[in-house]
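Take a look at these structures.
Next come two complexes, and both contain chain A; in the first it sits with chain B, in the second with chain C.
On to the complex of A and B.
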């Protein structure tokens, strides 16, 4: 059973009086536990596809079914619930909330789920342990290095134990050592928790870790390679 | 609850920007309460002074008498009934006879009002006992304003001319027995108080009066052929003056509030402009756009809560101090009923209504720019792109 099913997906953005086609007839399925990547040059549609899967955007035509829910048919509230409970996001620029501590950043998604303080604390500390940052729980994001910030972002995406994690260029702002550390952490979580990881990247280092590489070019899938 | 928790967290995290807004808003807060407290204090003291010095607990007027029409005075007098006399003897009523007069202090000509009042009365604060203590039967007490305008001192004699019941002019010298100080100009300016029996004799109006002042213990029974004027009627002039002064203070308060609210509005606009990535992150983490609007609105509105707390920190000691020492305006000659020293009065209603006003208006100005979030594309917001 596919976790993500994409059929004839088209996404167009208005540009002036016309429009720009970012995705053109995408057909893809991703199964549970995949460690897959959307690769391609800038403007190929990787982030757009990731955003649609993450219910941050909607298709112009075609369907995107995520965890048996059609993204284009979800209300704002339903989409927010889907993101909160089932989808984790990791961004290139970490997007940590600056006024919160590491602990509070990781805790944020759980606050929305109305989980008890005790359970939240347990879950947050476990997530920080996964990424090796328990000692930074009280630090503010501006006190962290780039690698540490991205590890906090990983902990934040994983703390709610989502089915899917969407990572948009997660290593773009990191050096090689940190990139490998981050990728190893994500790979480990993928294997241990059987979470589907989907990357948008053009980083060779990331591709080394992927089990499946979907290449996009001008909004179309040009290859879909599964590593054995 | 979550919105409030997050909003306060963000607000405190914003540091100096927050505190600058909070300080400005707290000034508005404290000044609004201060101004209103001043007017309430003035109002309360003014009402008390007017009751104590001029109107008592209400007055019975001769049907012809019109306070604002001096031509009615000549015919506004009538004998007092036995029922009234009995109440006067009990100290529940005191009659006043009024007649117009012309004063000639040091050869100058000044118009005035002669008021005959029972020297033994205890209803009004006027020091009428001084009329008995004076050796000269034709004695009068006057207020400080009257003394200043006529340049009369205690013991001076002044020539006074009046008309009796039949319209015949008469004149004689009257000695100033004492000069009193009161905060009610209408009980002072142009007024000269004499013993009632003496004035009755001077005007050939024995046993008559123009109006009857009621005391606290008066039963409230109507008096035949006399019109009762209650406190609402008698204090309406003071009310009108205070209301007109309040309009000026409302403008001042409004300006203060607008300055503070503009600062919040400006902060909100800047905040939404600068924190797009944060807004996108909130949405990505599972908040709906309306929840994010809620956070930003509460965040802006929470300025007012912090302002109230900050205002309380320095405002309460200031208010307590002002309540003890009062505010002195220099003298009783402002032409309106105002105490020389006003003690502001801060009611619970005033504080709550000010709190509601500031919180509601701060929340509204926070909501207006926050609505923009509901139209933002989260994908663009996540990149921090200006929308």
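On to the complex of A and C.
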């Protein structure tokens, strides 16, 4: 059963009086527990596709079904609820909230779910344990290294136990050692929790870990390779 | 969530400090200026009431038309009968008669020849009756520089300036030249019991204060007085009550075509006080409007800058599953929290400053030496109940309005468009 089903997806952006086609007739399915990546040069449509799967954007035509929900048909609130409960995001620049502690950053998405303080604390500490940062719970983001910050971002995306994690160039700002550390952590979470990970990347290090590589070029799928 | 927002406000000084400072200053100025203006107007009304206008004043119709000339030939007659009627009809008010007169003050030498002369502005009030409150009302006792209050008929208080200029001291004789109620010449010698300074040149210049019985005798004004002043026993002016007393008195005692019939005027109708008081009442509203407008513009700008600075935060929050309506709501909650903090701080400081000036006042007497208006020498602010909210709510509204306008740009964008703009 596919977690993500994409059929004839076209995404156009208005540019001046015309438009720019970012995605052009994409057909893809991703199953539960996949560790897959969208690869391709800048402007190939990786991030746009990730944003549509993440319900931050909508297709111009075609359909994108995520966890049995059609992204085109979701209201703002329904899309937010889908992201909040079922989809985790990891960004290139970590994007931790600088005035809050590590604990509070990880806790944020649970605050939106009206979970009791006790349950929140338990979930946050477990997420920090997954990424090996329980001792940094009270630290502020400016006291963390790049690798630690990205691990906090992973904990933040995983704390709500989502079905899907979308990671946009998660290693772009990290050195080789930290990149491998991060990727190993994500791979472990993928295997242990059976969470679907979908990357947008052009980093060779990331590709080594992926089970499936979908190559995009000019908004089209040019290859879809499953590693065995 | 509120706790989360509150932590953000406390920790992110650039999010909270400038708005809190702007609101605190705005609210402080609103509270302080309102308290100060109200105090100043109250002081001016109070002084006017005590010395000239009363809370209501009765004069003959002709006297009222020419009162600047102190025309005692047009004074009220049968004053005791009028007073009896007033005390019976309006027992919640205190009624006093006064005589104002002009003349020449003559200071004789040891041979009885004129040593010095100057214009006199005389006031005759009830100083000798055992239950009279006039000396307290006009603050005469506290304004005496040398000597004491007149203790018997034939004694007078004179202006300390005049006394110093001509070397007059308590115990010396002075003579007043003037005209009686019937137009004949009046000469009357008084013994100086003391010298007085009210701190206002309008009141001090050539001032001579005598007991009303002396004035009635000297000016041939037996059972007559220039005016009768009425005061509410609570001590504060109430325009609606004054209006009601005036209407009832005039309907009973005033005859439109009789120029000698008594006519009552309320405080607001005298000495151009109506304009002054109306402006004073409008001033608070104008001030609040200006401060709210100015604060809103500054806070709108601050909100826009804060919003720009926090674009990536909003982007992350969108990605974490917060909808843009909720983000907009939290911006408003933040504004309310910051507005509350700023308004509380501003109100406390404003009230503190008003209280200090209520207790101590500012002495402007040195600036008023040449001012020919009846103005109190010391102005005080007044702490009144409306000061607790007059700046508080505008401060809260300005912050909320400023941030609501700034945050609306975020709210009205499509999520996808917003997410791209938020540079995550």
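Basically, the second predicted complex is superposed on the first by the 228 of 228 C-alpha atoms of A that agree within 3 Å, B and C clash if a C-alpha of one lies under 4 Å from a C-alpha of the other, contacts with A are read in each partner's own complex, and residues count from 1 in each chain.
Basically, contacts are C-beta pairs under 8 Å (C-beta built on N, C-alpha and C of every residue); 3 or more make two chains touch, one makes a residue touch a chain.
Just so it is clear, the structure is predicted and the values come from calculations on it, not from any experiment.
When the two complexes are overlaid on chain A, chain B and chain C occupy overlapping space and clash. Contacts of A:58 after superposition on the shared chain: chain C is touched, whereas chain B is not. In the superposition on chain A, contact is made by A:112 with both chain B and chain C. When the two complexes are overlaid on their common chain A, residue A:83 makes contact with chain B and with chain C alike. Overlaid on A, the two complexes show chain B and chain C touching the same residues of chain A, namely 51, 54, 56-57, 76-77, 80-81, 83-85, 89, 91, 93, 95, 97, 99-100, 104, 108-109, 111-112, 156.
Residues 1, 4, 7-8, 11-12, 15, 312-313, 315-326, 415-416, 419, 424 of chain C are the ones that touch chain A when the two sit in their complex.
Across the interface of their complex, chain B is touched by residues 47-48, 51, 54, 56-57, 76-77, 80-81, 83-85, 89, 91, 93, 95-100, 104, 108-109, 111-112, 156 of chain A. Listed in rising order, the residues of chain A touching chain C in the complex are 51, 54, 56-58, 76-77, 79-85, 87, 89, 91, 93, 95, 97, 99-100, 104, 108-109, 111-112, 156. Residue ranges of chain B in contact with chain A, taken from their complex: 2, 5, 9-10, 12-14, 277-278, 280-281, 283-291, 377-379, 382, 384.
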